[in-house]
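Order of writing sets the labels: A, B, C and D. Residues in every chain begin at 1.
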Amino acid sequence: MIKKILVANRGEIAIRVIRTCREMGITAVAVFSEADRNSMHVRFADEAYLIGPASSNESYLVIENIIQAAKKSKADAIHPGYGFLSENAEFAERCEKEGIVFIGPSAYAINTMGDKITARKNMMAANVPVVPGTVEPIKDIKEAVETIKKIGLPVMVKASAGGGGKGMRLINDEKEIVAGVSAAKSEAKAAFGNDAVYIEKYINSPHHIEFQILADKHGHCIHLFERECSVQRRHQKVVEETPSPIMTPSVRAEMGKHAVSAAKAVDYSSAGTIEFIVDDDLNYYFLEMNTRLQVEHPITERVVGVDLVKEQIKIANGEPLSYKQEDLKQNGHAIEVRIYAEDPDNNFMPSPGKVKHITEPLGLGVRHDGYIYEGYEIPMHYDPMISKLIVWAPSRDEAIDRMKRALFAYKITGIKTTISFLSRIMNVPAFREGKYNTHFIQDNQKYLEPEKNASQKIRDVVSIAAFIDYLADIDSRKPANGNSVQQQSNWKICGRRKSMNRL
Amino acid sequence: MIKKILVANRGEIAIRVIRTCREMGITAVAVFSEADRNSMHVRFADEAYLIGPASSNESYLVIENIIQAAKKSKADAIHPGYGFLSENAEFAERCEKEGIVFIGPSAYAINTMGDKITARKNMMAANVPVVPGTVEPIKDIKEAVETIKKIGLPVMVKASAGGGGKGMRLINDEKEIVAGVSAAKSEAKAAFGNDAVYIEKYINSPHHIEFQILADKHGHCIHLFERECSVQRRHQKVVEETPSPIMTPSVRAEMGKHAVSAAKAVDYSSAGTIEFIVDDDLNYYFLEMNTRLQVEHPITERVVGVDLVKEQIKIANGEPLSYKQEDLKQNGHAIEVRIYAEDPDNNFMPSPGKVKHITEPLGLGVRHDGYIYEGYEIPMHYDPMISKLIVWAPSRDEAIDRMKRALFAYKITGIKTTISFLSRIMNVPAFREGKYNTHFIQDNQKYLEPEKNASQKIRDVVSIAAFIDYLADIDSRKPANGNSVQQQSNWKICGRRKSMNRL
Amino acid sequence: MSYEISLNGQQESIELLNKDGNLIHISVGDRQYHVDLKEVEKGVYSIILDGTSFNVELTTTGNKKYLVDTLYNSFDVEIIDAETKYMNSRKKDNDDDQSFISTPMPGKVVKILVEEGQEVKAGETLVIVSAMKMESEYKVTTDKIVKEILVKEGDNVDGDQPLITLE
Amino acid sequence: MSYEISLNGQQESIELLNKDGNLIHISVGDRQYHVDLKEVEKGVYSIILDGTSFNVELTTTGNKKYLVDTLYNSFDVEIIDAETKYMNSRKKDNDDDQSFISTPMPGKVVKILVEEGQEVKAGETLVIVSAMKMESEYKVTTDKIVKEILVKEGDNVDGDQPLITLE
């Protein structure tokens, strides 16, 4: 039985894992770099051990240091969170060798899913659909034409040796095939000295939809439905929701079965995610598997009613799954947004620094998972994500309204954050209608520009507040009149007396 | 259509109502007394109007002032929250006369349910079970004996003119009837000069279970299941949960039907609560109706998935109910605790004052509805409740674990609060087993005493922190050495340099 | 330099032996500790001792006096330096003597039941103060004479503010 | 006394006309306001103007300079008194001249691409600084000579700290 867990992570995910440990009566051990002595996960844990300098290459990523901290604290198990060592097969192996339970899948599963080509082959063997295309290079135009006809249009022809868009041709129409392949080949030849190309099905308006799975060590595996993650910036997810606005019950059931098959194909245990690329007609293809907890796991927790970290720990303990597939259903709608310490009005420039004031949005249907506090200096060494806001409501429309309300009331001063950008996303018509794909952010730039116009009244209110603060500040610095009791501002005392009279 | 709502309340309930207004695109108007200029509801609302001095008799309870603020702000409707004017029929009538929508039931329903005897008669007419007993005084012993046999033992014989326990006799056994009634009569005669008594069924181990109902203006009425509210101190609820641990599906269905009948008997519309007294055998009797939103409404919201304030507003708008009875089900388990600014280790002495620091417990399954903030001076004029913590989990056991975790992480310094007392309740065996009634707190005093023993280590850690703070404070007060750059503590600078070297 | 520290009334010696950044070597009574101590927010200390993480929050309650909260407990702590020792020795004589009536928290004076110059018996209620919808009665512990009444009915009063002086 | 105030670069006069407790009569440009203004937390103001409730949060960004956040917008505000006016008039001559390279936020110097004394062309990158897993390049805006390099690769730097001086 696991009695003590070392959380090999920092930030919001460390705190999130510790909360579940506490509910299960498990002692939680934090580890921290020298830059994180003040971090909330250190204060929040039952125990805390220093594991090295600020740079994660010298601390959170050093297997040896984590293992030493686990031994020193006599932890039975390690939860890796996400990022850092969470998908490192060597770390999982090392834990096993040291007799420490790694709360995650086997090194074999991590390795197999970690390599794109091996994963693709395994998935094809398990009858999980993958993006149609050729893995081996094609040299012959005739062979290319046949392959393209088999895959179906549109396709992308790509230089095998290529990169940077060179030797790439999108083919939409049958008439373009010969010319397109030829052009790609000659361009590839010119650019890389090699005219081999391969062919891949082109997904016109791709959706990123992933399925959460849970698998125990007794061969049971279930899925916890999908998450729609198509709102992305620089390939980073910004907003996630479940259910997906484009999903149908039959496709959901089918994709869920394929997700379970995918996990079973690598003898998976623990929580994991199967990512699919999906087109507008709901054709879907395996993209990759994340062999760990995801940042966006809370929306599944809210809609399905399962604590995923608790299930991970129970699975690691060797217990069978607490739920059967038929026990699970999706209840209502959940949306998550990720808040970054970045300046959305200045090309998303990172904004580490000292947090001055936080107003957290709470209330019905709102979950806030964060780690910063007032006076905390956000280190520049780590990921800029500072919190996640998760809302739930019976319907998607109500969930959007609730997210707008929560973002409206969410205020962090001292650093720049993406809160205003996220608010604007909620107001984009395509988002409200649920009609969006991974091109969402570039397609909707005009809605996402910062609002530059403030009314004269608001501008004047701002001026007034700053001016009064300035006057009060001057006043408080005035030298004392020799009488120490009178050191306090006369102006302030006068104000206070007057307001007492009003009472 | 309601476009602007004045919230005639303060504290957490004002903020809770404003949140829903915002989700519905409705402008929220706050009102405040002179003691509440700094209160969060004033800061949180779109508009705010002063309605009088600190004393609620001169502000929040003055109908005229509220109406004037509503007119000034051009509010279409008033939400009364709970307490203050929420069950004041005169206020509901005045709103109607002024053409302002009162978000609550009719003055008729408030009046009828507000008078205990009228309510009892109405409920009997509607076939809702009431506590068996006689309303009219009984003079004759023979009549008394017959009545008691009809009601069934045990009964309480009470002096009609009485009070303070005089002329009261509990009768458990048939043999005691004649002697008991005689004794009660002669005691009543001696104490009050009047030997009339009445007889009431005695509920040995009473449970307080209430049903949430919603009724629209089109004759539809549904119930949203029960809340168990038996954990009480001085007749004030402390912990509420849903479902009730003693409830069965068939009794629930039957009580729900009676709750709907009760509401329909007074042509009820809006949200309301039917309170029942229930014995260990699940015999239940109508106690009273609360014709308003309850403090504990969030546990129903969480388990049933309905925003009760939103439904109130929609009903006030004349819309039909959004839900049918068969749409609703209880999903998982929710518990609420109320946090008071009282010192549980000192006979629950009120503890107004200035809040120094707050650490809010958040994360999966936790809702925190409060209104205080760091630096806020809690006024002495109003109710000492400062916040509510609501948790949800799939099962009751997990919900208790989650509540323990949340209370563990919940910290308010500067004032005394009941957080530690609530933690102790979660650890009482009778609570964990779900076997408790309204005698819970007096029956479990030994579990609820403050923990006096802290380990030597914790005591020393406390001493060390205070001592270091004291030294740092002395150090920071040392006069400058003439050199203004050196005004900062040499000791601190030295410490900082050294820790920079460590980095 | 060695000080005394009083924790919930129990007094012990305390001495800072060494300090290197946030690493502190300190003795309390006859026990020595090496702790990693940081003030992470104003008055909030994060302390790591032998791997265990403690959160300690201080509220200043007077000169050299603190209310200290840990996750489970609250403690009254006082630092006893030479000055405090001197003050304490002087105060001792009058310590059990009640020279005024006050309330521990802010409130509103509801009723004053005595007049200046009146003799009052031990246990007699002098004043009723309400806070947060609750009324509390304040009594004398020994027989006294009411010297001065410093407030009137309806007044708002602070915590620990003298309301009625006695002799 | 009348001051000037600059809000996102737009300058207007501002004058406190009267103050009675938290009730303030004030003029901004040619507009007059009666506002109920309270500092409810340090640097956080609650303002009620004609019934509308505003929350305004101030962060001091320099001498007489504020970053002011409302629920929807952020503003750079500067109070312009006689001293500031004098300083501004003196500074104007050198204003468009870039005399050093700095970063707007704290970070770590990843790479320095120039040497002291080196001539650099407009648009040339002098230094790369990383923060939060993102690297940013800092360039010169006009042709310059590198005067002094104040940091080395691997150094942690604060926001607005001069890294390389130019002439």
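One rule holds in what follows: a residue touches a chain if its C-beta (ideal position, glycine included) is under 8 Å from a C-beta of that chain, and two chains touch if they have at least 3 such contacts.
These numbers were taken from a predicted model, which means no experiment stands behind them.
Common partners of subunit A and subunit C, by the touch rule above, are B. Among the other chains, C has the CA centre that is most remote from the centre of subunit A. As a whole-number value, the distance joining the C-alpha centres of subunit A and subunit D reads 32 Å. Averaged C-alpha coordinates put the centre of subunit A at 38 Å from the centre of subunit B. Subunit D has its Cα centroid 45 Å from the Cα centroid of subunit C.
Residues of subunit C found to touch two or more other chains are 22, 41, 52, 55. Residue positions of subunit B with contacts to 2 or more other chains are 44, 374, 408, 502. Considering their complex, residues 29-30, 37-38, 42-49, 72-73, 373-376 of subunit A touch subunit C. Interface residues of subunit C, counted against subunit A in their complex, comprise 22, 36, 38, 40-42, 46, 48, 51-53, 55.
Interface residues of subunit D facing subunit A in the complex, by the touch rule stated above, are 3, 5, 7, 12, 14, 16, 19-22, 24, 26, 28-29, 31, 33, 35, 37, 39, 41, 43-45, 47, 49, 52, 54-59, 64, 66-75, 77, 79, 104-108, 130-134, 136, 156, 159.
Within the complex formed with subunit A, the subunit B residues making contact are 15-16, 19-20, 22-25, 34-35, 44, 53-54, 298, 301, 305-307, 331-332, 360, 362-370, 374, 393-394, 398, 401-402, 404-405, 408-409, 502-503.
Residues of subunit A touching subunit D in their complex: 341-342, 345, 349-353, 356-357, 380-384, 408, 411, 413-414, 420, 451, 454, 456-472, 491, 495-496, 498-499, 502.
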